[in-house]
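Worksheet: one structure, shown below.
Chain nomenclature is as follows: A, B, C, D and E, assigned in order of appearance, with residue numbering initiated at 1 for each chain independently.
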Amino acid sequence: MKENRILEVNHLDLSFRLGSEVNHVIRDVSFHLNQGETLAIVGESGSGKSVTTKAILGMIDENGFLGKGEILFRSSQKGKDDEIVDLTKKDKKYMQKNVRGSRIAIIFQDPMTSLDPTMTIGKQIMESMLEHKKVASKKEAMAKTIQLLDLVGIEQPEKRVKQYPHQLSGGMRQRVVIAIALACEPDVLIADEPTTALDVTIQSQILELIKDLQKKTGVSIIFITHDLGVVANVADRVAVMYAGKIVEEGLAAEIYYDPRHPYTWGLLSSIPSLDGQDEEIYSIPGTPPNLINPPKGDAFAYRSEYALEIDFEEQPPMFQISDTHFAASWLLHPSAPKVDMPVVLAKRIAAFNERRSQE
Amino acid sequence: MDERKERFNRVQLRDSKQQEMLVGSTTPFLKDAWRRFTKNKGALVGLIAIGLIFLFALIGPYINEHAYNVLDKIHINLPPRVPFLEKLGIFNGSEGKYNPYIEKGFTNDYFWFGTDVLGRDLWDRVWMGTRISFYIAMVAVGIDMVIGIGYGMVSGFFGGKVDMVMQRIVEILSGIPNLVVVTLFVLVLKPGMISIILALMITGWISMSRVVRSQVLKMKEHEFILAAKTLGASSFVILFKELLPNIIGQIIVMTMFSIPNAIFYESFLAFIGLGLQPPLASLGVLIADGYRAMITHPHLVIFPTVVLSVLMLSFNLIADGLRDAFDPKMKGF
Amino acid sequence: MTKFIAKRILLSLATLFVILFILFLLLQFMPGSPFNDEKLTAAQQAVLMAKYGLDKPFFIRFWIYLQNVVLRGDFGISYAIKKDMLVSGIVIARLGTSIRIGLQALLLGVSLGVLFGVISGSKRNTWMDSMATVAAVIGVSIPSYVLALVLSFVLGYKFRIFSITYQVDQPLWSSILPTIALSFFVMAQTTRFLRTELIEVLSSDYVKLVDAKGVARPKVILRHGLRNAMISVITILGPLTVNLMTGSLVVERVYGIPGIGSLLVEGIQVNDYNVIIMIAFVYSALYIFVNLIVDILYGVIDPRIRVAKGG
Amino acid sequence: SPAKEDTEQVLRIAKDNDVSSLDTNVATDGLSFEVIKTFTEGLMEYDAEGNIVPGVALDYEVSADGTVYTFNLRDDAKWSNGDPVTAADFVFSWRRLVDPALATEYSYMAEGIMIKNATAVIKGEKPLTDLGVAALDETTFQVTLDAAVPYFIQLMTFPVFHPLNEAFVTAKGDAYAKSADALISNGPWVVTEWTEGTKIRVEKNDTYWNADAIKLDAIEFLIIKDYQTAALQFENGEVDMAKISADLVDRYKDEDFFETKKLGYTWYVAPNQLVAELQNENLRLALATSFDKSFITDSILHDGSNVADYIVPIGLATGPDGKDFRDGAKTFLSFDAAKALEYWNAAKAELGVDTLTLELLVDDAADTKAVSEFLQTEWQTNLPGLTVTIQVQPKKNRLQLMRDGTYQLGLTRWGPDYADPFTYLGDLFQTGVNYNYGRFSDAEYDALVQSTAPGGSLSTDAAARWVALHEAEAVLLEQAGILPTWQSGEAMLVNPDVSGYEFHVVGQPSYRNVVKK
Amino acid sequence: MSANVLLEVKHLSQFFRIDRHTTIRAVDDVSFHINEGETFSVVGESGSGKSTLGRTLIRIYDAHSGSVNFMGKEIGGKLNSDSRKFLRKNMQMIFQDPMASLNPRKKVLDAVAFGLDINHLSGDKDERLRKVVKVLKSVGLSEDHLTRYPHQFSGGQRQRIGVARALIMEPRFIICDEIISALDVSIQAQVINLMRRLQKEHGLTYMFIAHDLSMVRYLSDRVAVMHLGHIVEMGTVEDIYEHPLHPYTKSLLSAIPHPDPDAEKDRKRFVYLKGGVDYNIGTIRQLSDTHSILATDEEFSRWQQNDYSLFLK
């Protein structure tokens, strides 16, 4: 594992048993997370984003099982050399004691249901500190909790710690969830759609908050969302996921200004353009495939206007475009015909580029 | 890799079936529930057990030469004796060290479950009793269905003052000890089936109405109910066409729970002497009668109790299974 | 909170009044009189009816009774069971025993039920779950009198571990068997309900988040799962508690317990009106009281309700 | 403490019932009387053989016309507080019995034995002081009757006529007899513990005049309503005596601690003659003779009950000849299926029907339910064309229905109040009496019974009276006015170490001579 | 404005009484009109009263006060059966959650035909089927789907069924309550395109409730910004997006994330300071024919001078 990487997922395969069938939802997924960066994973519902992150925390539902693959995590200890552990080899107990909450923390999508309704938020924040012995006493934990609440921008934290979740607004609850995640000063923060359930004004505040926290604590973040606007806001790098595979990966600018995979094109095109009110918005036809019988070739081929014959037969490998930019599409094969991205998108990117050059 | 050029030809957007991938399973809800239900071993065992008991209740009394209501002044209080099994040392007609079949010379007689103090064949009585218990179960279901569902739906759906009044009534009904009311019925209307049914009617439906009410309260905020309202559906249509089908799962589960309750209730009434008129005998009556001789002739209580318990067990297992099957959250994958 | 309770109590009193009235009315329809002993002549019956004021019109009787109850706490005297004795004396003498054994059974049943419920809810689809479930279902499937007698036969007679009958001078020791017999149903119900609830709670988002915090599993289950699951379990425990505390005729009879369950049945059998009414009254009052407690408990466990009620 | 237990002789008796009152005037049920008998003593008492012997009375004189009884009381009889038992205590008690303010249920006993002015006093028409009782001096108590009552002396053993300590009763007021410390004793034991629904304990009364003859230090009446529990407790050695139900007899019938005893109850079916069909004598005879009574007594009840082909039970009364009423008396209506069929055919012809449906009303008690099912089958098999349905009702209701005459066939019983056949023949079947549920009415019967009644023509001629009573029974049963069925017994488990207990067909058991090894 | 006014709302209020002490003023004295054939959008944060407004218009709730004139008929007060029928026929609503708004136990055919059945418009069996198929086709579904249950569809398809159910009544006016927020990005576009196509084909008028401001900009003619039950600013898309005046509008607009990493890097966001404005004392002011705002004199003049120091951070 490279020096600056904190997490590396290699060729991960994961399936769920569904009665007699097997739902093969993560199919050979590889990506990495650098120290201190924000990696965004985008993709439509059901593409496997959440499952991937749950796999990292060892929290897959009972009916799920790992195939091949490894999840390498750099576990830094004070005064010792960094140790690299393969999280897929560790049991639940180890994960609970050494990883979850303390090293890798997670924020869930829905702040309304992520907090125990019967416990004060103070106790919920203190819980993991006490569990992982990050503090010496309850008093210290409380002091730290108040600090944390202050950090996530909750006013009058001394009063709030004694309140119950239902006494807080959605935005405040999400801040509490973030405070919980930060309680043990984790190395990695996974934010699984942390703003999808919030309205725009609060969403923007939370995004600011997360970015701010990263600046302050240097935590590495995996940010999951399907909102490309949000991604543009937070991500250093972006991985686009489709049907259990990463189909494109690159720096944010590379994905937005030089997308290569037809699915990424589709995603970017379906955002309404700001000027042309009369045209139809582009929409990706059809629905994602059922992964109980995953398609043989490129899973996106059936919905793609750019499909090649080979797409229906063979899975495309990751083609490298730059040091940091990869895409899995046969269109990048030297033998493939030259195709242009959708016109709307091309126009929009042109507009971006124009503005960028102006600045 | 096969790098033939033609493999890289562009193709038209395929309008394949894959395009229209169904989200979620294609099986209809009930079928899906049934599938989940049959996956539940306990529930399946319960279903089979009930099937068997039902079968025996139908044919049991006719498959031996005895009858449930014929007195036999000679063969009284005989313990169970079954051919073949007796060779294994069980069901050989002995009661402690004493074997009345041998002592009294009934060497050719076989009473599979033994006989009672009037020499009636317990096998036949148990299955006849099972019939009656099933009958009571049916009645309980009927009551639950009609009163419980109706009451719960009206109370939950209309809410406000209606709900408030109806809930007070329920509170009062549950506040009055059941026994007083039941006894009154039995005394005024003569003991028997009718009284038991009426007694069940007074309070038997309350838990069902509670469940239905809370389900309705939950459901009525759903958008499809609002949608029905915007389409101009009347309360009646919304209650019976929109709400009811959606809470039917819960209702079935609850019904399954109320069956054993009713059977139990009847046996309790039998115990305090408010049961059926002889020579009719439900399982409850048989147990209550057999109970009195439990340390003397245990077979009199064991067989009806076993049948009753298996019946209760089965209904409970089925109810549990159904609850899991109808509740997708609980799906046992 | 106090306001809420005061309101509830007021409402309860109204309910109690209605119940009392209905009971009175029901007894009015009860055939026979307390004085139809086979040796009494009609003239004597009339004398007795007059002596106890039972010959007065219904509403006047109700009014007098109500006054006695409200102003003097006087529930009248027994006509048959304990001739001329104050009903309140008899009932109170027995109520203590009933309530104590009931609460013992509740404690035992709920403790075991919670234990089994937690085991089967958190170790779903394992053999432990199956065992607990089967035990629970069997618990609700055997008639209580059969269970009670089997217990006393095996533990009291065969092995002589416990006393078969209740002994007033050894209230705790001699009530072990009845406590066990009564607790079975509670145990079973608690197990079943808790299992369902716990499974649901454990699959909720907030428990997932606690898991993600790296909190040890037992703590997750006890601190978060159980607490939230208990909210709905308490609903079923309410009525159950009342039934337990007001005694079970069956268990009382088998173990010779002087409780109010058997007293009620006897009262009904011999038309001892005042006994019936007072027990019914106590039952209703307990029912209402326990429900009030349940509601308050809700508030304690579930802060959402506490606040909504303006406490 | 266990040490004390060892040396103490305590008799523990399981009881399936609770006492309803320990007030001698107010009590009505068997157990209450049984307990009252342990701590009070009447003018007369029974001995082991059932003979009447003096109690508080040393002796008595009767006037020639049999209407004035003068009792001489023993002067060493004392209350447990040390007061002597005096004639005034009897006067007080008897007046209290008939006091309209107290309205005791058993005040009818005072009328039954025809105490002078009793009826008027009960009705409140005359003051209490007009009752025909008087304390001539401390130890002389006199009763004046309206007419000669043949069984008067015998009734002096009955607890309602026991003395009461006026000072004590008045001092306790309403609380009297409501708890152990509100009771006073003039009998062999004194109540020391009375726990609601559980237990009554009486301990030896040292002030009792005959205390030396009493061996038992204490008796405990333990209320255990479930027979099986009582039986198990007996087997565990926790109780010395326990009544058991018929269901348990098979378990114990060969044990040495199993005993049965005969009771004075006769069970019979009362056909309601308000029902037209049941006015047919042949039908009644058919019903009466068509069921196998011995199956009921030997197989269903097997508790010492015996077949009753009569109404006046064995052991109830001894005649002037010193023999039991039943000795040498006729029997009637024995089981005879062939004869029954003849009656039935005759009845059908007379009624002009081929089939008939009758309803049998019974109690919800276990035994009677089983008997009713047996009767149903026997009748239906032996009398083809007859259908019998069963209606089970709680006892109080059954009685009410029978009293109202709204039933067809009713299985009922009668327990004697005193040891004289009149308690059956006089109180039950005369035209118009209260307990004549079946509305049996026969002029000859009425005349015969009237002559034997207190004040009747034969009331002082014991021998002739006895003949008349036998004749009356014959009149009743030869036309099957009722259908006698069985005379009750009771099955008991008795600790073999216990001896000397006395049961009486009429009256309460006595524990005076009980010794426990 | 030359267009015909289809719906005119005056001083509409909707309060919910929670208990003796609390009443939620979900919609508080709002007035607006909607022209025939246009798309009128209502935006605002969660809880600002958008859904309540829609539901009050379609009479799921009875209005607390105010008048509603729809196609020349007053439908704000008590309805007789004629006007109720008129309303049901001409005004329809589509809901947010496509799964929750369909009865899970009903097949598509029955779900779509429900409105006809209830109002006895279905005619015979064939006619009913024909009508359903026609409307299904117009929303891009086919006959194959008639016998399926809602859970067998994707989110977008489900939402189309919801649309079909409303359309079959041939309404003039449809209230769309956040019909795309529960949908996936790639599917949102499908539904929006469909709605726009239907609008053109049938001359429909929409009231579009949403909080996705970029989508609103794309498809609306006029926009009302709601906050705490009040309409604080209202105008054409251009008025609102290009020349917002109210600080709340400004903060809303500043919060929209753009799919453009570079632009996002140096976006400036405004946080609206709660309590800065008391809506109850403000009055409606017209900025232009189309553009109006709720403000007091003082606020108005400050905002016009671009002085937002008291209101935005």
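What to note about this one:
Keep this in mind: contacts are C-beta pairs under 8 Å (C-beta built on N, C-alpha and C of every residue); 3 or more make two chains touch, one makes a residue touch a chain.
Given the structure is predicted, the values throughout are model-derived calculations rather than measurements.
Path length between chain A and chain D in the chain contact graph, taken as the least number of steps between touching chains: 2. Common neighbours of chain A and chain B under the contact rule above are C, E.
With respect to chain A, maximal separation of chain centres occurs for D (centres as means of Cα atoms).
In terms of C-beta pairs in contact, the better-connected of the chain pairs C-D and B-D is C-D.
Chain B and chain D, compared by their mean Cα positions, are separated by 48 Å. Between the Cα centres of chain B and chain C there is a gap of 25 Å. Rounded to whole angstrom, the centroid-to-centroid distance between chain A and chain C, based on C-alpha atoms, equals 54 Å.
Centroids of chain A and chain E (each the mean of its C-alpha atoms) stand 32 Å apart.
Of all residues in chain B, those that touch two or more other chains are 21-23, 187, 294-295. Touching two or more other chains at once are residues 31-32, 149, 153 of chain C. Those residues of chain D in touch with two or more other chains are numbered 228, 232, 394, 397. Under the contact rule stated at the top, the pairs of chains that touch are A-B, A-C, A-E, B-C, B-D, B-E, C-D.
Chain contact summary for the complex, chain A toward chain C: residues 57, 59, 92, 95-97, 99-102, 105-106, 108, 110, 113-119, 127-128, 131-132, 164, 166-167, 177, 180, 183-184. Across the interface of their complex, chain C is touched by residues 42, 168, 171-172, 174-177, 179-181, 183-184, 187-188, 260, 264, 267-268, 271-272, 284, 287-288, 291, 294-295, 301, 305, 308-310, 312-313, 316-317, 320, 323, 329-330, 332 of chain B. Every residue of chain E that touches chain B in the complex is listed here, in rising order: 55, 58, 60, 84-85, 88, 91-93, 95-97, 100-106, 114-115, 118-119, 148-149, 151-155, 162, 165, 169.
The touching residues of chain D, when paired with chain C in their complex, are 18, 20-21, 23, 26-28, 100, 103, 105, 107-108, 122, 178, 195-199, 222-226, 228-229, 232-233, 235-236, 238, 394-397, 399-400, 403, 414, 417, 434-435. Put simply, chain A touches chain B in their complex at residues 16-19, 62-63, 285-290, 295, 301-314, 330, 333, 335-337, 339.
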